[in-house]
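Chain nomenclature is as follows: A, B, C and D, assigned in order of appearance, with residue numbering initiated at 1 for each chain independently.
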Amino acid sequence: MEYKLKINGDIYTVESNKIDDKHLKISFNGIEHEARFERIDDNRIYLNIMGRGINAYIVRNRDSKSVVIDGVAYLIEDAEKTDKKRPKERISRDVPQTVTPPMPAVIVRIMVKEGDRVKKDQGVVVVSAMKLETTLTAPFNGTVIRVNAGEGDKVMPGQILVDIEKDNEGGANNE
Amino acid sequence: MFRKILIANRGEIALRVIKTCREMGIKTAAVYSDADIKALHVLEADEAFYLGKSDPGDSYLNIDRIIEAVKKSGAEALHPGYGFLAENSLFAKRCGEEGIVFIGPPSSVISSLGDKVKAREIMQKNGIPVVPGFFEKDIDFDRISREAEKIGYPLVIKAVAGGGGRGMRIVNSSDRLKDALKEASGEARSAFGHGGVFIEKFIISPRHIEFQILADSQGNVIHLMERECSIQRRFQKIIEETPSTAVTPLMREEMGRSAVAAARASGYVNAGTVEFILDGEGNYYFLEVNTRLQVEHPVTEMTTGLDIVKHQIEIASGNRLTLSQDDIKCRGHAIECRIYAEDPENNFAPCPGNITFLKEPSGPGVRLDTGIYSGFSIPYEYDPILSKLITYAERREHNIKRMIRALQDYVVLGVKTTIPFLIDLLKSQQFYRGETFTDFIEAGFHGWEPPYPHIDKALTAYIADEMSAKNRSSGKEFYKEKDISPWSTLGNWKI
Amino acid sequence: MFRKILIANRGEIALRVIKTCREMGIKTAAVYSDADIKALHVLEADEAFYLGKSDPGDSYLNIDRIIEAVKKSGAEALHPGYGFLAENSLFAKRCGEEGIVFIGPPSSVISSLGDKVKAREIMQKNGIPVVPGFFEKDIDFDRISREAEKIGYPLVIKAVAGGGGRGMRIVNSSDRLKDALKEASGEARSAFGHGGVFIEKFIISPRHIEFQILADSQGNVIHLMERECSIQRRFQKIIEETPSTAVTPLMREEMGRSAVAAARASGYVNAGTVEFILDGEGNYYFLEVNTRLQVEHPVTEMTTGLDIVKHQIEIASGNRLTLSQDDIKCRGHAIECRIYAEDPENNFAPCPGNITFLKEPSGPGVRLDTGIYSGFSIPYEYDPILSKLITYAERREHNIKRMIRALQDYVVLGVKTTIPFLIDLLKSQQFYRGETFTDFIEAGFHGWEPPYPHIDKALTAYIADEMSAKNRSSGKEFYKEKDISPWSTLGNWKI
Amino acid sequence: MEYKLKINGDIYTVESNKIDDKHLKISFNGIEHEARFERIDDNRIYLNIMGRGINAYIVRNRDSKSVVIDGVAYLIEDAEKTDKKRPKERISRDVPQTVTPPMPAVIVRIMVKEGDRVKKDQGVVVVSAMKLETTLTAPFNGTVIRVNAGEGDKVMPGQILVDIEKDNEGGANNE
């Protein structure tokens, strides 16, 4: 079976074969190896690759898994799923297109109102989480068409706090 | 001895205090807000009292409600932990008025040491070195200029009202002084509505060295040696160790004497910490006194073999110190790493959320002070500290590796933590060589990204997880909409 | 230093050794049997080698297979842990022949100290006190009678071949001696096919006191003070502490000297333990030398601040001891409780099974050396030890309470453990007063049953669990036929 | 709702009422109290009874639960269920009627064969678990009618290793 997996922006095309209940073979980028695997519990898999033992701790998100090995977390996305589901958000990691908090937070200040013109990187909302204030900025030049939250509201990642209509002129948008 | 103590705090420090209380046969009362109904300190205390909404102002910072909880509980004493109301002199005063023993120094001591100018005066009067500097209400350039020559360059201009770097300028030579003063004062005025500035010697590559002190109400004062806490991000300590690689036995003796003198000069009672700045030539300068139990007190407990919380409680109950300075013998080396729910790749942005899996380190030389458990939802209203991992070993070199081992054995799933960053930092040559200055992270780890040495293994694990999905227990492996994780979401933001 | 070490053991001790190896930058190889495919020591080692079936003879006791695993792994040295082949001189010899460093004393030392009569002779020759006694191949009543008068009554007759109390008689006065000898000899003959007996002074209410020693291959020998291990069930230690309440500084010095002399006399190298019997008058007698790492070594690590496994590895690699006797300063008090999968209500019957839930204690002064995790199935082929809980505090009184607190915080569901028994024992006045003799459990806790102080709360919890069943995650709460638990089954049996 | 619960041989008739999702009321033996309860996870419930917090750790067996409080395990059986299901085994705790190992074990020796007469408390099978040998004994005078296992076999609690037909004479049985 072929997987298209994305780690840190790089896509790996991995060819995998299940040999039996405890063994698999994978190959990618010219690397090929067999591994023995043992499921220890829901979140832990023990791998043995060429005699070397590795503990992988796994948490599953919607279209991705975080795999922790030796204390480092690898966020692995299923590139096929994410590509299909959110075609417009594909490049979102590099160029965010929405005003949404990066973590559950509470709104401290809203600095714009409907109809306001905003410039790219201009602060529009300040949220607070864990004693730290974070300013959310406009992703592009445009016009505020709606403010979806109020001061003191508890908000979650993914929740669009301010709708901004993007300017049409190509030039100003590129800055 | 007290029969019951109320702990006016939450998280790992509340748990830390509860443990020693239980061991002393003292009942404990916890307090909590809406966000903490299922918090570990609530589960582990003998009793728990509801304060109010999750906002700190309605709960952990609300003096009236806390006093009310103490009354309801019948506790004779209150332990404030650190943060929240721990260094609020009005709160300490109120406790006294209500007949509640505040486990900490007297309100008047908190008050005078909390005032930076007053504290500096007390120390100067008592021969404790302070950073050479000059305070002036109004700017009189000639006087400042004369003082600047005495202090020597480089020096730093700071706003009297200020903080956060605004109204601050570093001046390398006298010809820049006048312009810099003007700029700083203007900036301070627009930022704080008050243009007062002062000058201080600029310490290059300083270390943060602090001394733990214990003082009883009979006037006995001892110190428990130093901690080095130079590794900081956003002016917050992240790694602490003892002994410091920069403190020689002679310096230790001298600085220890200064710390005890500082405590005596301020009439200190209970546990406290005298903080110093140490420059590259071994000169140290008084910084401030922290009038409470310090986050990093465990490293001192590891090398001295003492339980500082136990001594706090004994002192607060009026007991004489059972230790003299000669009893304090440090041994080995201890490190503490603070585990924060923060994303170190993203300028340490806070990461509240639900802990979905937890595996804690153990074994020789490992201590964990924690406030979380698997299934607990980390609130976003409070400090992002989850736990503190402390290791001890005979020698520093071994202990660094022990800490790395313990961090690698510590698995927290569901929220991002500082663990991968801490591992990388401890593996660095700079840390190994003890080149630990307060700009350590800024200078060597700015824009840090985790190394990804095991991409092939991570991919294999991903696929093995798919292949053995049927062996997972049902109900847990599926993504739950409500547990939306910041790991997979994106935004347009800056801190 | 070695690049790789194979650990020829399992469970908590294998994990203990792996941790120090990792910290020393040494790779580790584990070995395992069918029952241990998912055991923690396998998961945590860098490599793991399959030995064979679960039966110890096919795996952990199989010398050929272990040697083969060492060869395959490329390890230069082998750590035997305790139990299994740790004190097998032939195994140590074989390692030497195969060019593998055995981390322990030389084969010849294991051999001569393993022979009780020879060991006794070595000690006697070197002025180390042994229990007064008389060995005789054939029974010559007149000679025995004369020796008995010299030794004094009460005395004990023991079978030369024996064990387990058979062929044993306690004699209080000379007029019972002849009959008792005949009875004992007859019993020994029918039990062991050999009627040889010997007489020894009967020590009333003895304590078990042992000294940890470290000896390098250059002839330097030091001791790391004593451990008291009097609390035993079925001749197996269950609680150990240091310092002993019965050892005065003067005794400590004298016994320590004897322990070092014993090590020197036997040509000892590496870590070992010299065991003594201590009577009520402060007289001590050599018992035996354990030629390996002791289960209870962590209490010594807590009070000395040393890592004994690290010193074992350094000594085995030929390094000189970096410590002298004067460097060894003990501090505070440490206790170890062994957590066994046993039913203390049922004469400590073993309780293998599946760990369904695990909550481990942590915090100040708490160390846990464990070999289990939630979901692991404890095999019935091996020793029932699950883990060791060790606590440290400034004073014994505080430390007892700390240990009780930690035990109460330790929750193991799925198998019965000794935890409730240990809590009760530590709460007893006898233990608090330090009245710890080797018959402690037999005398004070025979037929022990747990107190049930919280029946009302347990009933409430049962019903609350029913009422909130829908909040439990699916798939886990239902009884699984295959996980049949000894908690709910009954039998007709005796140990 | 009424529960009949058995702890350590004593039966408690407990009347319980669920007040709401977090509160219940129970009464038994003249004791009556209200409790607040919070489910922490599958195996942990936090109780607050008259202001005092209690952590109960629970493992569920077929007709019973083990509840651990302060390190002590309370085996609580549903007396109604156990009475209905195993009417003949009701008194089994005190007078065992079968030869079955108390824990998973391996058979070391079988000391009887079919047709043998055995006396009450006579050893019939030796099993070994965790380095400890345990002798299983005859529950009454009788005759071995079948041996269901062989030496070296791995056996589980509940598995009847030896069938013994009980003697009819009342007298010998009572000894």
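Basically, a contact is a pair of C-beta atoms (placed from the backbone, for glycine too) under 8 Å apart; a residue touches a chain by one contact, two chains touch by 3 or more.
Owing to the predicted nature of the structure, the values given are computational and were not obtained by experimental measurement.
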Just the number, please: Cα centre separation of chain A and chain C in whole Å.
52
Just give me the whole-number Å value for how far the CA centre of chain A lies from that of chain B.
31
Contacts with 2+ other chains: residues of chain C:
473, 476
Quick check of your reading of the touch definition: is the inter-chain graph here a line, ring, star, complete or other?
other
Which of the chains touch, listed as pairs?
A-B, A-C, B-C, B-D, C-D
Complex interface listing, chain D residues touching chain C
3, 5, 7-8, 12, 14, 16, 18, 21, 24, 26, 28, 31, 33, 35, 37, 39, 42-45, 47, 49, 54, 56-76, 92-93, 96-106, 129-139, 156-158
Chain C to chain D touching residues, read off their complex:
341-342, 346, 349-353, 356-357, 359, 380-384, 407-408, 410-411, 413-414, 416, 419-420, 423, 450-465, 467-468, 471-473, 476-479, 484-495
Chain C residues touching chain B in their complex are 15-16, 19-20, 22-25, 298, 301, 305-307, 309-310, 329, 331-332, 360, 362-370, 392-394, 398, 401-402, 405, 473-476
Touching residues (chain side chain A, partner chain C) in the complex:
38, 40-41, 46, 48, 51-53, 55
Residues on chain B engaged by chain D in the complex (per definition of touch)
37-38, 42-48, 373-375
